[in-house]
Structures are given as structure tokens and as C-alpha cells.
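The data blocks that follow each hold one structure.
Each of the two complexes below includes subunit A, the first together with subunit B, the second together with subunit C.
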Partner chain A sequence: MKKQKLLNQAIFNLLFIFVCMLVIIPFVLVVSASLSSEKDIVEYGYQIIPKNLDLSAYRYIFKNPKSIINAYKITFLFSVIYTFLSTLLMSMLAHMLSKRNLKGKSFFAFYIYFTMLFSGGLVPTYILNTQMLHLDDTIWIYIVPSLITPWYVFLLRTFFQGIPYEINEAAVVDGANEYTIFLKIVLPLSKPALATVALFMFLGKWNDWYTSMLYINDESLISLQYLLQRIMQNIKLIQEASYDTSMLAETTEIPSETVRMAMAIVVAGPALVVFPFFQKYFVKGLTVGSVKG
Partner chain B sequence: MKKMFLRIASFIMAGVICTGLAGCGGNSETSGGETEVPTLTWMIPGDKQEDIQSVLAEVNKITEAKIGAKLDIQFIDTGAFTERMTMNMAGGNEFDLCFTGYVNPYQQSVKRGGLLELDSYIEGSSLKDALPQYAFDAGKIGDSIYAIPNLQIMTECTGLGIRKDLAEKYNLDVSTIKSLEDIEPFLEQVKQNETGVYPFRTGKYGGGEKNDGVFRETLTSGTSAWIDENGEIQVVPVTELESFEYSPSLLRSWFEKGYIRSDVASVVDDTEDGNAGKFAVWRCAYKPGVEAEFNSTNSYEAIIIPISEPKMSNGSGVAAMTAIGRKSKNPDLAFKMIELVNTDVELYNLLCFGIEGKHYNLDETGKVVYIDGSGYAPKASWKFGNQFNALLLPGQSDDVWEVTKQFNEGAKKSSFLGFVFDVEPVRTEVAQIATVQGKYKSLSTGAEPLENYIDDYKADLKTAGVEKVCAELKSQLDAWYASK
Partner chain C sequence: MNIKTPSVVRPKQAFYKSNNFQAYTIGAIPLLLIFIFNYLPMFGVIIAFKDYRFDKGIFGSEWVGLDNFKMFVSSNDFTRITINTLYLNAIFIAAGIISALIVAILLYEIKSRNATKVYQTLLITPHFLSWVVVSYMAYAFLHPSYGLVNSVIGMFGAEPVDWYSKPEAWPLILTIASVWKHVGMDSVIYYASMMGIDNSLYEVADIEGANAWQKTRYVTLPSLVPLISVLTILKIGSIFRADFGLFYQLTRDIGALYDATDVIDTYIFRTMRVVGDMGVSSAVGLMQSLVGFVLVMLTNYVSKKIEPDNALF
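== the complex of A and B ==
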């Protein structure tokens, strides 16, 4: 019996160690490649432990750190504002939808649901954002167009519905109005759901490069991910084109392998820090939020 | 506490709405100015240039005096250019001039109706004399032209790069190398005597076609079209060509003899190896002056020789062009701007290199030496206009443009210049063929046994519907040819 248990544990542990390795090793390779010298990579390929420690890739990136630091600032700023606003707005919306006595509830629910099935399409969205709302080349383009994500509204609504209605009634008896109920009862009881939604919102925004590509001309408003994406895209174009169109020879220095890796580390860094933090909160929240009465 | 939270939230929302409204207000004001000099916007792919304003100030002095217009250049990242321009055209955004070619593809842009037809502007303009006739021919779609090619090297020519030190060591006489297989003895010598060097680089470059004197063209993926000795148009799948097996079988035999690295099938990117000089021989594009350019930008020297005839094919001329946006409010001025950039040497070099003394210096032989960190160095004169007006860079010989011009003129011209294949009737098949091509592209490295490769390839292409595409292409070509 005990032996069986031990065996099971060993198998599970081995399995999870294996899965962890699958995730961790590529990341370690990137870190190690960014710390290797270019010559070693050509000579020996990627190594788990760099043969010779070489910081020149990072030196190259931080020689002119202005654009990276600026992109960091911008990305952090809009990610935080966006996460705050979108979580707030979506929970407000979800709160109303979770009310039993809201008139036209099914209409509103359908109105939101409808956008999950049909979207405006890329070109109409572009026209709306640039020609009617004039959001292009402002920081608001990152924030305004995607404040409400229907999926998370419904997720929150379902969660809010799980809060016993009696609490609501008790609060009304005590003289609470809708805002008090929302702020003092619903939100504190829903921390796990809010943390989850906020986390996804934050990561989604942090990794957004498409918006920058499509709408931003002003170099000082470019997002961090786009900075990286741009380097990669340019490399791809150069490699594809440099054979067929010999004209490109004039153009470019391609950043070396190590610089690309270092770039990836620099860009991914904060998300790596933020994620465990949120996750901890998320797990804690699960127990805090359990129904009491 | 919680009320505070709500108040902040409503503040921010109010802020959002206000900025939105302010944006609307601000934009409508700008159009209210009096009779100012109009400013033309020009969209060009490339990195943003910090010091563009000082260059534009100089540029505008010239353009205002000569055509009464100012220029505003917007650099858009090369990787995003196609998507951004597609949006600009579809969204009806205004722009006067734009780059079209290898990004923001010419034929697509025309098809979407984003570019202005230029025939009536070209008639009687000075461009007609400034550019050779083949440039206009190359830019035609059907009977009309929608963009002016930026004159540069417009031919395709396969070349062979050979490491100079090795060629000298083994006394290779490059004048005897006329096609790919002629290099084989040299590869053997390299293999026998050199360590740490791969004799031949293949990878995505493949091996090239056998040179049999017929000008065949791939007008849509997987097909080959040419005009035979009776003046008949022939279209067949690429796999049916007699010369088709030439390159794969040569590469296969080289792979078996060990001239090609054994891990070639799994190597994704061998750029670094190339930079490090780990290949003795490689295939590349040949053009006049390419050797000098290569040697000035690499850490080792190479000999680069042509192994095919120069050809000007259906797509050669359209890699870099300048067009006028359909929504432009000043198409006349925009055309004059193109004319001016292509004919005014001073203006053109200002755009390409910036201001002398500030962004570049000329060395004692009159070559451009960039000043580091000056804030303006687009480093791509072919993006702006007629490259034959450009100043020279170190490594380019003094007569490089003259030789290039002759190279262009001497090249075999495609009989299909101006033809555009309308894929609409066979869209599905074309997409399927593209998938098949992608699959077998990775096999053309020599690492796979040839027998399976060729039969599978033929069969897959057939299943993808290559015969239907050939028939469609042939009928379109016949109709187009008859109308000429």
C-alpha cells in the first residue's frame, strides 16, 4: 500500500519534472545564448551553459537605451491604466447584469454577446479609430478600443451571481445604495475573479504589438513588444529579399543572434515578475472569496 | 475611501471622452488655412530618421522654388509597411506619394484601387526622356502604368560567390566557370584539403536552373511559361520541364559526395555561418559592382561571377517604385514631385544622404562617408528614385551606374512585361500549389533521396490542380498577347 503510493508519487513527480523541463530549457537556452559570444554560437551552437561569458549583447542594447526605456514607460503606463479601467468597467457592467430585477437584462446581455459573434472587421475598425475617434498616434488607442471584453463580462457576471442574494438584501435593509453594494460587498467578495481578469487583461496588453504597428507613427509612443517585433520582422524581410533583390545590400546591419536573444530577455522580464505575483494573489483569493453564509 | 475610487474612475472616463472630442476639434481646424504652399506627404518604408526636419527644410527650399510644393516624408517600419498602406488605402486616408514594390506590393495595390493611373501625366512630361522605355514597360499593368519605377538594377542574374583566398590557393580559373557543375572539381579540392569549411552553401538558395537559352518565366507559382521558336506561348508545370531535375540531382550528388553540410535539412538560418566565411562557394545574385560591395561589407574577400544570362523578367522592374495615392488632393503637384526627384540630382541626393557636412562627408575620391549618429541615414537610395543619380558609396567603382545601365539594356527582356495574372478563377488551386511549393522548398537542399522527392512533387502538384492553373494562365496569356 505504502509502496504503491510512493511509486505513484515518483511517477507523477517525474512526469511533472519532464513537463517543467520542456518549458524551462528553451528559456534557459535563450538566457544562455544572450550571454554567449557570437563566435561560440556559430562554432558550437546553443549551449545550456555558455562556454565564455560575454555581455556584449546587453552592452549593445543598452548603448542606446533611450528607446527601450521609453517603450517600457509607455507600455507600463497604458497596461496599468487599461487593466484598471477595463476591470472596473467590466465589473460594473457585470454587476448590473447579475441583478435579478434589471429591466431589459436579456437585451443588454444579448447586445454584449452579439459582439462576440460579429465584429466590425479590421478596415471599419481602422476607419472608426482613425477618422472618427482620432485615436491614432495617441496613447488612448491602446486603452479605449478594447475596454470591454464580452467573455470576461460574462465570466464576472457568473461569479457575481454566485454571491448569495441575501447579502444584497441585508445591505439594502441597512440602507446601502447600489454603489455601496457594488463597492463594499460585491467587489471585496470577488477578489479572485477580479484578480484573474486583471491578470489576463494586463498580460494581453503587455504583449500587444499589433496596435503599435497599425496606429502609431510617433516613435515615443511605441510599445515594448512592437520594438522587438519590429526587429524580427525587419530581419525576416531582409533575409527573404536580400537574395532576390540585390539592391538591399546597401541597407542594413542585421542584429546578431545574441543581440536578438538579449532583446527577448529584456522585453520579457517584467511579465516574468508580474505573473507569479498575480498568481500568488489569485491562489490566495480563491480561499478568501469563499461564500460565508 | 471607496467613494474616492469611484470619483477617480469617473474623472478618467471624463478625460477619455474629452481627449476624443478635442481630437475631433483639432483636426478640422488645420484645413482652414489660407493660400499656403501645399504639403505633399510621401510614405516610405524604413526606420524613422531623427533629424528629418532639417533635411526636409533643405528639401523644401528646392521644391518650393521649383514646383511650389512642400514635402513631408513619413517613414513607416518596413515590416509594417504593407499592412499600414493596405489600411491607408482601404480606409481612404489621404496620402500623396507612396513607395510600392517589394513591400506594399504593386499589383495588389493597383487591384485594390489605391493608386492613381499615371498615363496622362507621363505623356509630355520630362520623365519620358529621363527614364528609358523599358522602365515604363516594366511598370505597366495591362495597358496602363500606376507607378514610376525607381531606376536601378532591374535584371535578375544568378551568380556564384567564391572565397577569394581559397580560389587563389587552388588556382581556380574563374573564366572557365559557366554553369553550376563547372565548379565541382574545386569543391572536391576544398573538401579534401580544408577543414572547418563547407564546400557549398545550399539551404534556401537551392541550386538554380540549367541554362538552355530559353527565357522561361514563373508567372504564378509552380508553372513555367515561355514563347517557343514558332512564336507559340507554352505553359507547363515546373516539374514537366526537361531541365527540372538538373538542379535537384546535382545538389543530391553533391550532398552524397559531402560538399554540402550534412545537417542542412535542419539548419534554419545559416546567415551567421555565411558571415563567418564558413562556405567556400555559394549561390547569390549577380550585378555589376557586387564584388566590391561584398568585399567592403564583409570580413573576407570573395570573387563573384555570373553563371546565367541577365534577364529582365515580368517582376524585375516592380521591386521599387513610386506611386501617387488615389485620394491625393494634388495629383498634378505629386507627379511634378516624382519628376523632380527623378531628375534633380541635388534634391535626390539630399533625400538619400542628407546634408553634406552634417549627415555625411565626401572622401577624397568623392564617395559618401556617413557621419555616425547624425540622425539622418536612410541608407537606401533606391527607395526614393532614379538611383543612377546617386552619389557613390565606398566600394562602388566610379562607373558602377554606367555599367548597370548597360547591364539593364543588354538584358534579355521578358516577352510578358506588363502582363498580370488574374488569379481569381483559380484562387483555390493557386493557394494549394503554394502549400505544395512550401513543402518541397525545404527538400531542395540535397538532403533527401531524389527519387521520392521528384515523383511525390509531381503527384502533389497535380493534385493541387496545377494543370487547371496552367490552362487558365495560357488562355489569359493568349488573350493578352493577341491584344498587343
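== the complex of A and C ==
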């Protein structure tokens, strides 16, 4: 019986090792391609293990990394501002909704919930942002329109409702007003929930290419992911970004396949190293608190 | 949830009132943002009934009645993108739920906590990537001359395939990509729910001499049925919405693939951004929103019938 169990465990573990390998192969393939020489790719195709280690793709990118560094800066900037503001504003709204005895509470909950059921769609949103609010080609387009996500408002509300009401009452007896309660009691007691929501907001913004594609024409404001997207469409963009026109002659022999893959690593790598450390919070965000309107 | 809270703190009533007012002020800015960015565009759906021109604006543009809708419905695009959206999303839903369920059940069988953690972390990693990065991975697999897939089938003597001009392969490619990206995160929900199953059920099964498969079949699965049905129903409620990034980035927006990969969301985007027809694009968007709305209401009604606790509202 015991032997049988051990055998079962071995089989299940082997199975998972196999599945995990399948999941990881795309990563390995891209890393390996970025470390190959262009000649090997042309000759043998993309390989799981590089035939010869060759760092020239990275050297090529880092020769003049201006556009990448700029995209990193912009993306980091709007992601941080966005994460801070959206987490704060959503918890403000969630706090209001979590108040007991608040008049019109169910109306407000419905007001928020309805936006999950029906939306004006792409065209009206686009016209609002570009023709009326003139947010296009500014950094605010990344931040302002998407500050409130109803789903997370309800998640935070559920969490806030779990804070013992006695604390609230005691604070009121001591003369605290609503602002003090929110800032000094609710927020500090909700750190895990706030961290979870903040991480989801940050991840979503960090991976944003859609906003740039729709609203940004100014090269200096495009996001990291959109830069990567455009390099997929046109590898020459790397040349334009990294070379003066006087050096154009040199750029004819661009190692396009390996540079492409190296770009993907430069863009996705740092996030891939950092995000898994916060996996605990991501998992929590899925399982904590049901969403009920 | 309709229990009235007894008002035992009557002397403090006035105090609570002023606190209520302050609570409104805290919620005011977010509520205003929702009005501007969610409700104002809803009024913008009138564009669907106009021949919108940027120079004339929403109110200056001419009314054209249902012309935009007629134009779209009578075109070939209508059937194509509707069928593609429904068909592909149906496959994604089925493949997504089955794969997540299998992973969760198998993960539950593994006794070592550390091993479980490692597997989970690895399976979740794709979730952190944008579709842009995934499109690079797909490119490395599918490149007509250098791609890994062609190298592998070449070893068995098959001719290389130009995947980016072969629409019939793409339902499968997109399904694999979708499952690959979501299976880790999706399985977490089932796994968490399995942790909550009453252990005594398994003990009884052990005494009765049930094997692992029987325990899965007669204890685990039945306990998960409510969750599975609710998640399925929720997904069916949004079956009219396609994951724009998946369809736009992985296919690299290549026209030769539209037959199999053009869906409502990519069509709306292209009609607006490339064709520049705001009226038709907005009409398609409005139809999508309305059908989506009806579907959510319907599925919510059904899930309320099955399991009142799990209905959304």
C-alpha cells in the first residue's frame, strides 16, 4: 500500500514536471534565440539550446538604448502614478460603500455595478478622450480614464466590511470624523487588500500597449510594450532609434531575428523576475472576498 | 442581507449624520470619474445613428437612422465575425475550464507542499506577460523558415508550413495560447475551493476502499460542480467579448488570417482606426454591448436558479 502511494506520487510529480516544461519552453526558446548568432538562426532555425553563445544581439541593443530607456522611464512613471491614484480612489469609494446606514448605498452600488454590464464602447470613449478632454498625446491618457475598476472597488468594500465595526464606533465616540476613520483606521488595517489591488493595477498598466496604440503619436510618450509591438512590425525601428542618419550605411546588416528576441527579453525580463515574488498577493486577489452587488 | 441594524446609539445620531455627509465627500471624486469615463460614453452611442464627422462633432453630424446597422448586417463581415467570436470563445471556455480543472485535481494529489508551490509558480508565470511578448514567443514557434514547429515537423519529413497565411490552423494555435496563459491562474480558483472540501468525506472514502480516481469522481468533482457551473455561466455571459490582445497581437493583424481570427473586437478597432468609419464601428460596438448585457442578465438569472448564493446580483 505504501509502495503504491510512493509510486503514485512519483507519477504525479513526473507529470507536473513535464507540464511545467511545456509551459516554460516558449521562455527558453526566446532566451536561447536572443543568445544565438544570426547566422545560426538562419541556418538551423530557432533552437531550444543555442548552438553557439553569442551576445551580439544585446550588444546591438545596448549600443544606443535611448528609446528603450525612455520607454522604461515613461512606463514606470505612469504605472506608479496610476497604481497609487487608482488604489487610493477605489478605496475611497469602497469606504463610502462599506458604511453602515449610509443613505442611497444601494443606489451607488448599482451605479458602479451597471458600468460592468453596459458600456458605450470604443468609439464614444475615443471621441470623449480625444475630441472633448484632449487627453491624447499626454501622459494622463494612461492614468485618468481607467482609474476606477468596479471589480476591485467591490473587492475592497468586502474587505473593509470585515473590519470590526466596534473599532469604528469607538473612534466615533472619541470624536473621530469620517476622514480620520478612513485614513487612520481603515487604510492601515487593510494593507494586505490594498497591496493585492495595487499589484493588479500595476501589472495591468505595466503591460499596457493598447493605450499607446490608440492615443499616442508622440514618440517620447509611447509605452514599453507598444515599443516592442512596433519592433515586431518593423525591425528597422531599432535602427532609427539607435543610429544617427550619418551611420545608416552600417545598419544594413541588422541581425533582425536575434535582436527581436533580445528586445523581448529586455522588455519582459525584469518584470518576470519581480512579479513572481508577489504571487501570493495575486492568488489572494482571486480567492479573497466574493463580489456581490 | 436585509437585517436592519438596531439604532441603539440614538444620542449619537446627529454625529453619525455629519459622518455620513463626510462619507459622501470621500466617495465624490471616484463617483464623478465613473460618470465622466463610463456614463458619458454611454450617451455617445447616438453616434451609431449618425454619420459622424470629426469636423462637425457629435451634435453637428447628420442623423442617418439605422443605416450604419444595415450596412454592417448586410455585409459579409457580420456573419464572419459573429461566428468567429462565438465559436472561438466557446472553445476557449471549454478548453480553459477543463484544463484548469485537470491541473487543480492533479495538483491536489501532490502531497509535498514545496513541490506544489513550485509547480503553481511556474504555471502562473505566463499570466504576467503581455500579449505583445507572447506574440514574440508565437513568432519563434511559427516563423515560416526559422520557427521551431517547422523544424520539428521537418524532422519527420513534413514540408514547412507558412503558418501566418494558413487560417485553418489558427483556432488551435489561439486555443493553445489562451490555455497556456490562463491555466495557472484559473486552476488556483479550483484548487482553493478543493482545499475547503470536508476532509471527512475523503476519510469515509478511504474506509470504503476507494482509489484515487474514485475519490476524484465521487467526492472532489461533485463538490466542485456549483463553482464550475457558475464560472461557466459567467464566461458564457461574456462570450460576445473577445480578448483583443490575443487576437490582435498573436496574429500580428495579418489580413490573410482574418477569415479565422477576425472577431467583433478587432473588427470594431479596425473599422474605427484603419477604415475610419466611426458610425459603423460604433454601431457594431452598441450591438455588442446590448447583446452582452442581455446575455449577462440571462446567465445571472440561470445561475440564481441553480445556486442562489452564487448569482452576481
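Following the convention adopted for this analysis, the second predicted complex is superposed on the first by the 218 of 293 C-alpha atoms of A that agree within 3 Å, B and C clash if a C-alpha of one lies under 4 Å from a C-alpha of the other, contacts with A are read in each partner's own complex, and residues count from 1 in each chain.
Here is the rule we use: a residue touches a chain if its C-beta (ideal position, glycine included) is under 8 Å from a C-beta of that chain, and two chains touch if they have at least 3 such contacts.
Model, not experiment: these values are computed from the prediction.
Visitor: On the A-aligned overlay, A:112 touches which partner chain: subunit B = first, subunit C = second, or both, or neither?
Guide: second
Visitor: Give one of first, second, both or neither to describe whether A:140 is in contact with subunit B, with subunit C, with both, or with none.
Guide: first
Visitor: Regarding the shared-chain residue A:257, is it in contact with subunit B (first), subunit C (second), both, or neither?
Guide: In the superposition, A:257 contacts both subunit B and subunit C.
Visitor: Is A:42 touching anything from subunit B or subunit C once the two structures are fitted on A? First, second, both or neither.
Guide: both
Visitor: Tell me which partner A:127 touches in the superposition: subunit B (first), subunit C (second), both or neither.
Guide: Touch partners of A:127: subunit B and subunit C.
Visitor: With both structures placed on chain A, which of the two partners, subunit B or subunit C, ends up touching more residues of subunit A?
Guide: Of the two chains, more subunit A residues are contacted by C.
Visitor: Check the residue A:68 against both partner chains and state whether it touches subunit B (first), subunit C (second), both, or neither.
Guide: In the superposed model, A:68 contacts neither subunit B nor subunit C.
Visitor: By the touch definition at the top of the document, which applies to A:31: first (subunit B), second (subunit C), both, or neither?
Guide: neither
Visitor: In the overlaid three-chain picture, which partner chain does A:85 touch, first (subunit B) or second (subunit C), both, or neither?
Guide: A:85: touches subunit B, not subunit C.
Visitor: Under the stated touch criterion, which partner chain does A:185 make contact with: subunit B (first), subunit C (second), both, or neither?
Guide: The answer is neither, since A:185 touches no partner chain.
Visitor: For subunit A, which residues belong to both interfaces, subunit B and subunit C?
Guide: 41-42, 122-123, 126-127, 131, 133, 144, 179, 214, 229, 232-233, 257
Visitor: Which of the residues in subunit C end up touching subunit A in this complex?
Guide: 5, 9, 12, 15-16, 18-20, 22-27, 29-31, 33-34, 36-45, 47, 52, 54, 57-58, 103, 106-107, 109-112, 115, 118-141, 143, 145-148, 150-151, 180, 184-185, 188-189, 192, 212, 244-245, 249, 252, 268-269, 272-273, 278, 281-282, 285-286, 288-290, 292-293, 296-297, 312-313
Visitor: Enumerate the contact residues on subunit A facing subunit C in the complex.
Guide: Going by the criterion above, the answer is residues 8-9, 12-13, 15-16, 19-20, 23-24, 26-27, 29-30, 33, 41-42, 44-48, 89-90, 92-93, 95-97, 99-103, 108, 111-113, 115, 117-128, 131, 133, 144-148, 153, 169, 172-173, 177-179, 181-182, 203, 207-210, 214, 225-226, 228-229, 232-233, 257, 260-261, 264, 267-268, 271-272, 275-276, 279, 282-283, 286-287, 291-293.
Visitor: So in the complex, which bits of subunit A are touching subunit B?
Guide: Subunit A residues touching subunit B: 38-39, 41-42, 81, 85, 88, 122-123, 126-127, 130-135, 138, 140, 143-144, 179-180, 183-184, 213-214, 217, 219, 229-230, 232-234, 236-237, 239, 241, 243-252, 254, 256-257.
Visitor: Subunit A touches which residues of subunit B in the complex?
Guide: Those residues of subunit B that touch subunit A are 2-3, 5-6, 9, 12-13, 16, 19-20, 23-24, 26-27, 48, 74, 76-80, 83-84, 87, 90-93, 102-103, 152-153, 156, 204-205, 269, 271-273, 276, 278, 284-287, 290, 293-294, 297, 319-320, 379-382, 393.
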